[in-house]
Structures are given as structure tokens and as C-alpha cells.
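Below are structures written as C-alpha cells.
Same chain, two partners: chain A is paired with chain B first, then with chain C.
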Partner chain A sequence: MPPSLAKKIAIYLGAALLALVIALPVLWLFIMSISSSTHLTTLPLQWWPDSPTLENYRSLLIYAENSPSQSFLYAIRNSIIIALAATGLSICAAIPAAYSFSRLPGPGRKNLLYAVIAIFMLPPVALVLPLYTVMSALGLLNTHVALIIVYCSILLPFATWLLKSNFDTIPGDLDEAPIIDGANRLQAIWYVILPIARPALGAAVMMSVLLSWDEFFYGLLFTNDIRSKTITVAIADLAAGRVADYGLISAAGILAAVPPVVLAFFMQKTLVSGLASGSVKG
Partner chain B sequence: MSSISLSNVTKTFGGADVIKGVDLSIEDGELVVFVGPSGCGKSTLLRLISGLEEISGGEIHLGEKRVDHLSASARDIAMVFQSYALYPHMTVADNIGFPLKMAGKSKTGIEEKTREIGTILQLLPLFDRTPKQLSGGQRQRVAIGRALARDPQIILLDEPLSNLDAALRVDMRMELARLHRDLKATMIYVTHDQVEAMTLADRIVVLRDGIVEQVGSPLDLYLKPVNQFVAGFIGSPRMNFWTATTNENGDLVLPSGVALPLPCKPGALQPVTVGVRPEHLVLAADDGTATLQGTVLSVEHLGSDTFVQLHCGFGDPAQSDINVRFGGIVPVRMGERVNLSVASPDNWHIFDTEGLRIEASA
Partner chain C sequence: MISHRKTVTAWLLLTPMIVMILGVSGYPLIKTIYFSMTGAKLVAPDLTDSWVWFHNYVRALSSANFREAIWHTTYFAVISVGAEVVIGVMVALLLNEVFVGRTLLRAMLILPLALPTVVNAMMWRLIYNPDFGALNALLVQLGLLDAYRSWLGDPATALDMVIIADVWKNFPLVALIALAALQTVPKDLYEAATLDGAGMWNRFWRITLPAIMGPLSVALVLRTIEAFKVFDIIYVMTRGGPASSTKTVSFYVYQEAFAYMRVGSGASYALIVVLISACLIASYMYLIRKHGEA
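Take a look at the complex of A and B:
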């Protein structure tokens, strides 16, 4: 029986409401970003600026020494380097780790997995002091490497867990078939397991990039100038001056969202195709 | 293609002996079927040969070469899995070509070989499809094609037809028989289906609890089972057994008191087990010469055969109901009393208290 008209309307209304709840803050951020700062402080509040301006974007994107644009552009660069490096390293290590947890026998292996997850659950606050001392001793404070290492320690357990649960759903015969066909274990993973797990791999990459892109706490503590400050810290800096320029902050927020959105756009196909082919059994 | 020999192969899983010293040699080009009840170790034995499991003891030779220390990928043995285990993200052509790719063959070499196999198995029109676009039978053929690709020494098949419906199973069985004939490939085939075993095998290996009970041609096993287990396992419906005793003349006597005219003297007053297959019982006249009498409990008409269950009402309760298989349509009715005799004295099988066959010789 096709759904009744009332039901259809209810479903669409629900979906629209959900979309609004998610989209409205972003829309408001965008409106703020194209308003002048005087405009944002006038009362009563206006929903749409009289004279929309791209001035905020201009002052962030056109490079000038000792300006917000300098710290913003450097921060974008730092964030991209750190997020990609941390994600790349974590995924490269998580794949063999997840495969081993999922496929190879041994009680020790399972305990190790639980230990990793338990440590993952520790709040950053508990770890930040010892980590700071270590980084300081190694002379790594205020470098990309410090944050890459710390982010790897967050991403690796997460990605391992995510991939392991996906590998678990792949029938064991699909491990053994390539080995019978003359592949070694690594080739079996590369040619058979990873392509089948591609959607999970895509999700792990997406989530890892997002986690490191959004990370603030370690970024704030381990960096102190434009050489290594990440985008979240740079945006916070914009708010920390004598006068908070909300228009500028909003524009920075919108721009900071662009790289993850672009990434999601390109990975969308992988994620969706995975939903469709996941049901295929060997 | 190559011969294979197993000597005293054992396998222990966490203290439990699963394979208890198997000796077996399989000739080049032979199709050998492993049968046995579930849990008998037939699939484990196949996995030991493939290298997917390591043996706990003994030796495996492929031709002249000892292979039990080699990894599965180095043994040059192909395997068809029960689940097919096709690579879901690859096309049919890529699935078949995968072993060649792993062997480092050139692109043109791979294409040539996959086309050749595609022609043999009539898969060419499906070459660009992925496994999910194929029917069960087509998937099965792709799995076989992938096993053939490398021209392996041995092809192992682990219950390859059990996921197919009955009609398709018969077709694929004949196709496998044809492939084996044409390719002269050495094959080891695991199944629990007797019909597959009897029709495909050059030789059948009957396993129980990790031990080889008998190795022989299908008719050997049918006509001369070496023990009571094999006698009961091969043949459908299973053989009827009775405990018999010997009278003072040394003749075998059924619990019903009927003496059997058998040229067999098992020795002084020893109880033995006698067996006769359901298809070797025939209707007899009601003149007192019949070997068995019974009341019909159930009748199943298959057209080609009539399966009848009889209650004979003597001896051990477990032995008093017997199966009979008549050829063609036989007009017996439920509750009717029928007389049976055994077609030929050769149809009797006699086993001692240990279950071992006693040859019916004077």
C-alpha cells in the first residue's frame, strides 16, 4: 500500500524541520559573515544586512603581513598538513591492526584491543600534562609533528575499531580464497579485503580528517604562533583580541568549513556506493 | 596435474584429535570424493591438503615434492569454496584472472587464459558482470573457472554444489564430470551427498571421526563394505541390520528363528550382525519359504521406485523396522502383511562383533 498523502506530508515536514535545525545556524553564520561589524551590533537585530559585503572574506583571504589574513592562511595550511598527515599515518597503521584484530587468533590480541579502547576513552585533560612534558623535552612544541603524533594517538584506536568491525562482516572465505589463488597475506588485504571495505575506509578517512580538523584542546596548548597554529586556534584568536569582530569570525568559520565539505563531496560516492554493495556476499 | 600422497597425517585442535593418522594416495588425474557424517573431519582434511590449516603430524607429498611445510599460496593447489568466495568487487573476467595476476602473468597472457576458460565454462557472455549479477549456478561456474585458471596441480572442491537447488545440482554434477573427463584434472571433492559421491568419484574415501574407514571405487564400497559403518553409510535408504546367532549346525539364524542359507561359518556360536540392502529384498510367495515377514508401516510411491517400511516384530526393537526398496510401482497397502526374501545369497553382508566384514566363504 502506498503511503497516504497525510503520511507523506508528515514525512516531508519532518525532514524539512530536521534540515532547518541543521542548516539555520550555518545560514546565520553566513549572514553574519557578509555583514559589517556595525551592522551586527545594531538593535533591533536585522535578519538580512542592508548592504551585504565580502569585506570579511577579503581581509581573511588576501595575504598581508601582521593581519588576520596572515594567521588565518597559515592556520589553514597547518591544519591541512596536520589533518592529512595524522589521517594518513593512522589509516596506514589501522588497516593491518584492524585486520589482525579481526582475523588472527590469540587471547592476548583481544585484550590488547580492549586496552587500546580503554585508553582511547581517557579524557585529554588526563594526558595533556605528561604529553606536554614529553613534547617539550623532545623540542617538538609548536611544531606540526607534535600535533600529528598526538592526533595519531586519538585517531588510531578510533580507525582501528571502525575498520575492525567492518572486517568482521567480511566472510573468512574471502581471506582464504586469495591465499589459495597464490596471494600472500598483504596482497589478500590489498586486492580483496580493502576494496570490499572501501566504504568503511572512506568513513574512517572522513571521520579522522574531521576529528583532527576540529581538534582544539591540544592545538591550543601545543602551538603558539603561525608556524603551527591550527585553524580552530586561529579562529579563537580572532575572538580573543580587544574587540571581537564577529563578522570576521563568522567568515573564518565559513571558510574553515570549506575543506571538510569539499572532502565529503568527493568521498560521497564511495560512501554511498558502499551502502549499496555491502549486502553482496561472496 | 599431479598425484598426491598423505602419510600418517594428523591434526589436533586444542587437545582434540580431529584427524587421526590418515594414509592416502591419489593418482594423477583421479577424482576422489571424501564422504562421511558431519564432524568426521572431511573438510578439515581438505583444508590440511590445501594448506589453509597446518598439519600436526605426518607428511603430504604433491608428486615428488613434500609440501606440508609450504604455505597455501605456494602449493599450487586450487580450491572451490562452498560459499564460492567470489571477489564481489571484481568482474567475472577479473575473478578468473586473479590467480594469474598473482602469479605475475602478463596482461595479454591473462586475457588469453581467461577467455579460454570462459569458453570451456560458457562464461564469455558474463565476463563484464559482477558476482551479484549472477545466478547461483553461474557463480559456481565462475568459482570453478577461477580454480582452473592457474592449471593447478590439484583442484579441491568443498561441497561445491550444496548451495544450489536440486535441478541445478544435477546439471552442475554432470558438468563437473565432463570437466574432469576433458581436463584429466586431479580433483578431491568433499560432499555429504551420496549421489554426488557415487556418480562422480573414481574412488571414494569414507571417513569417520578422523579415520579413513574405507577407500575404494563406488561399487567396491557398495558391494563389499569393509565394516558395518561403511555398509550403513553407503546406500540409501540405509542397509537393514540384524543381530544373528549361529545354531549347532553353524548356520546363521535370524532373531525370528529363520536360518539363513549362507556359505559362511563365522565360528563357534558367535553372535554376528547380518545386513541386507533395502533394494535387495524382493516379494516372496506365502508358502513358508520367505526369509522375512512384516506389516507395512508406510508406503512411498516415487513412480520409479516404491519405498516401503515394514514392521517385522522380532529381535532388538531398533532392528525390527526395516526399509525395502522395490523397483517400479508395487501395489502394497498400509497394514498389509508381506513376505520377503533376499534376491541372492551374495546380497547378505556379515559383520563380526567388532563390526568388521566376514567374507562369505566356506
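Take a look at the complex of A and C:
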């Protein structure tokens, strides 16, 4: 039965509305980022700059001491280091744990898995005070190490869970065979499971990097200056600054959004199927 | 023997994870409980400890400001998640139809999701700006508004404006989950129902909604747990103001512990938040056990 004309019109109207709702705010952020600050503070507001400029991007990306670019570029560097290190550390611990949960179930392990998921969902305010006092006692405040360790509390449960539900879909005979032939579990994981689970591993790495890049609460509390401030903290600083240069703030926002948005579009299929499977099964 | 060896292997493989989780989550959680019964201060917390039993909790629960923060958080969670679910399902129904541009539109849903929370908050703060913001300009130029308003500066509108920003970022998550669930509903069910004379409304309530209810309820609880933690977007957009009208519990704990340096009472606030979250997490666990093992 072909859809009626009225239904077709309704569908296209709905689609157009949805596209506008999603695109307009981001498009406006982009337009602000290529406008001069005088243009943005002229009333009545014009929707397109007379002379689009890349000046805002230039002043963020070309390094100069004691300028916005200094804190911005350092923040990008810090976020990259912290995201990669925390992801690597978490994935290394998550792989054997996920394998154990998936292949060697037993009393206690099931409840442990649920406990791990519950911990992942705890509000950070439940953990932040002791973590802060310990990091302070160890002299680790305002270092990359502090955030790398703390981010594991978010990434590790998440990665373990995601990998476990993927390992569940791999037939058990595949890794039992080499074990009967005398291989140990770590070899079975390395040579049999991981090559098959490569897409899921990719998804776990990507989601972990996204989660670290997005993190703000711990970053705000555990860092003080350019040596360790992450990109989210730098953006919040800019947005709260006394000199409100809207164009510059927008450009910083666009630049901070580019890596996660590109990553997410690039791995769209994995992201969507990961979301879907995570919501359907435990 | 074999099964004994398997058990040992199982725990050995779990060891790195267990050690890390105990270090970064287990120990801190217990220490937070300890702090909550002391008068610890942020500066040199171990020197100024004094055991106060449940005094902090009594004070927290009798504090009108804290109760107000719980109310703001509940309001934020209920309204934003409610809107996300309704809009998300509508968008999923739309994207489940066949039309030109569908793939592109589905890809666009990734954009709000992937945008960092802090960037999203900053973007909406600029849009809402009372003097030069795009929202004011748009509404005035369209003739819908007489004069510029301070959307985030007015206690009557601030929290709702923050909610709009949060819904914009998170409805795609619900939409994508609902869409994946919709695609598993067999098409002939609808045809049979149509032949039996069921209208669109009936088909939605009798077939579509029951079919996607499982994943949808999981998404709903997940979003509620997240919404209850809300901090980033509040910090960047309003810092809890104006007149504490957007102060949520996470922001309250943050202020108590890190601005007023009262770790002990901050910890007791945090644990009350944990208890509320625990109820939500328990219902989530119930849902995934029910749907995951059926």
C-alpha cells in the first residue's frame, strides 16, 4: 500500500523540521566563530558576517606565550595524553576481565559484573572527595597521572561491559580448541578472540576516548593550570572569562568538537549498534 | 580438578580489573561514608577529623536549601528525560519511514551526541545571551517577543532553558535506541492490524510501543541516572544561579566541599545523592536482567 500524499507531506515536513533543529544551533556556533567580536555585538544582530574571518581560529592555533592559544593548545595536548593513556590502561584490564566474565562464569562472578556496572553509574560526587585528598597527599594534583587514574573509574567498567557482551556472541568452540591443544587462556584471547572482536575493540576504544574527552567534573577539580587543564576545563574558563569574545569562544568550541564529531561519524555503524546492543542485553 | 583450575584462571583474569576498581571506586566510596560522619575539612582533612555520627545527615535533610536542590534535580531529570523519550520516539518513528534523505538525517543525529557536553552548554549560553544572543534576535525579528530577555538570568526561566539545551543534546540517543528496536518489529503485524481496521493511533499503542518497550525503558532509566548526576551543563551555563534556581545536588555537593571546604557535610550530601541514584540503578539492573536473560 503506497503512503498517501498527506502522509508523504507530513514525513517531509517532519524531516525538514528535525534537520533544522539539529543543524541551526551548530551552524550558528560556526557563524559566530568566523565573525569578529565587534560584528557579534552590533545590534540588530546580523545572521552572516560582512567579512568572514579566520582570525579567531588563528589566535587559537598559532602558539604565542600568555595568549588564548597557549592555554588552548596545552589543553588539547593534555586531553589527548590523558584520553589515550586512560583508554589504554582501561582496555588492557578490561580484555581479560571481559573474557573471564564471558567464558568462565561461576558463582560470584555474575554479581561482580553487576556490581561493576553499578559502580560505573555512581555519581562522581560519591568518589571525588577521597580521590581528591589522596591525590593531594600523593602530590599528584595538577598532573596528568591523577586524571588518567581517576578516569579509569569511568572507562574500565564501561569497556569491560561492552567487550563482555561482544565476547558472548563469539562461539565458545573457537577458543576452547586451542586450549585443549595446550594453549593458555591469554594466548587464546590474543590469537583467537581479539582478531574476531576487532570491531568491538574499536568501539570500546572509541567510546573510551570520547568519554575521556568529554569529562569535566574531575578535570575541573584536579587541575589548576596549563600543565594539566583539559580541553573541557579550558572551554569553561573561556566561557566564564571577563573579556567575553564570543567569536573566540565559538571557535574554541568548534575546534574542541571536531575530534569527537569526526570520530563518531567515522564509526557511526559501530556506535549505533553498540548503543543498541548495550540497551537490549546486559 | 579441571573446574577448580578454571575458577582460579577466572579470578586471575579478573584481578587487574578488580584491583583497579577497588582503588579508584571501592576505597573512595567507603572513605566517603567515613567522611560523612566526621567534621573533616578540605585543608588537612585527617588532622581535623572529629566523629559526629549522623549529625551531618540530620543537618542535610533539615536544610531547606538542600531539599530545594533535590527538587531542582528531580524536576530537571523528569522533564528532560520525559521530553527526550517523547521526542526520541517521534523521531525514531519518522526515521523508520522510507523517504529521500533518511540516511543523512540519521547521520545528523550523531552531531548533538558527539558534541562535548561543555561545548553544548557554552553554545546554548551564547544563543541565550541577554544582550547579543541569537534567540532574542530571532524572536524579536520574527515579532514574537517585544524586547530582549535574560533567559538564564531569570529564576523563572533559567532551569527550563538549561533543560532545552540538555534535551537537544540527548534526544538523539533515545531516538537511535528506539529506531534500532523499531527495525525488529515485523511489518506484517501492521498489515494484519490495518486489515482488522486498527487506526494509526491504535497500531502505535497496541503494536509499536509494546515492541520497543524493553530497550526504551532501559534507555529511559539510563538517561534518568545520567540526568540525576547533572553538573557540567549547570556549571557552564548558570553556576547554579540565578538565586540558586538551577542549583542541583551535584552542584550543591561541589560547593559545600570545594568552595566552603566542608568535606564532612559534603560527603553526607553526596551519599544522600548516592542513595537516590542507587534506587534508579537497582531498577536499571532489574530491567537488564529481565530483558537480557529472557
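The rule is short, and it goes like this: the second predicted complex is superposed on the first by the 232 of 282 C-alpha atoms of A that agree within 3 Å, B and C clash if a C-alpha of one lies under 4 Å from a C-alpha of the other, contacts with A are read in each partner's own complex, and residues count from 1 in each chain.
Please note the rule applied: contacts are C-beta pairs under 8 Å (C-beta built on N, C-alpha and C of every residue); 3 or more make two chains touch, one makes a residue touch a chain.
All figures in this text were calculated on a predicted structure; none of them were measured in a lab.
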{"item": "Touched partner set for A:V209, first chain B, second chain C, both or neither", "value": "neither"}
{"item": "Contacts of A:I91 with chain B and chain C, given as first, second, both or neither", "value": "neither"}
{"item": "First (chain B), second (chain C), both or neither touched by A:I34", "value": "neither"}
{"item": "Between chain B and chain C, more extensive residue contact with chain A", "value": "C"}
{"item": "First, second, both or neither for A:L162, with chain B first and chain C second", "value": "neither"}
{"item": "Contacts of A:L140 with chain B and chain C, given as first, second, both or neither", "value": "neither"}
{"item": "Which superposed partner A:P171 touches (first chain B, second chain C, both, neither)", "value": "first"}
{"item": "Chain B versus chain C as contact partner of A:Y246, first or second or both or neither", "value": "second"}
{"item": "Interface residues of chain A shared between complexes with chain B and chain C", "value": "280-282"}
{"item": "Residues of chain A that touch chain B when the two form their complex", "value": "171, 173-174, 176-184, 187, 191-192, 195-196, 198, 277, 280-282"}
{"item": "Complex contact set, residues of chain B against chain A", "value": "50, 52, 71-73, 77-79, 81-89, 98-99, 102-103, 130-132, 146, 150"}
{"item": "Chain C-facing residues of chain A, complex", "value": "1, 3, 8, 11-12, 14-15, 18-19, 21-23, 25-26, 28-29, 32, 40-41, 43-45, 89, 92-94, 96-97, 99-101, 104, 106, 109, 112, 114, 116-119, 121-134, 149-150, 152-153, 156-157, 160, 185, 210, 213-214, 216-217, 220-221, 231-232, 235-236, 238-240, 246, 249-250, 253, 256-257, 260-261, 263-265, 268, 271-273, 275-276, 279-282"}
{"item": "Chain C to chain A touching residues, read off their complex", "value": "6-7, 9-11, 13-14, 16-18, 20-21, 23-29, 31-32, 35, 42, 45-46, 90-91, 94, 97, 99, 101-102, 105, 107-119, 121-127, 129, 131-132, 134, 137, 140-141, 168, 172-173, 176-177, 180-181, 194, 214-215, 218-219, 222, 225, 228-229, 231-232, 235-236, 249-250, 253-254, 257-258, 263, 266-267, 269-271, 273-274, 277-278, 281, 284-285, 288-289, 291-293"}
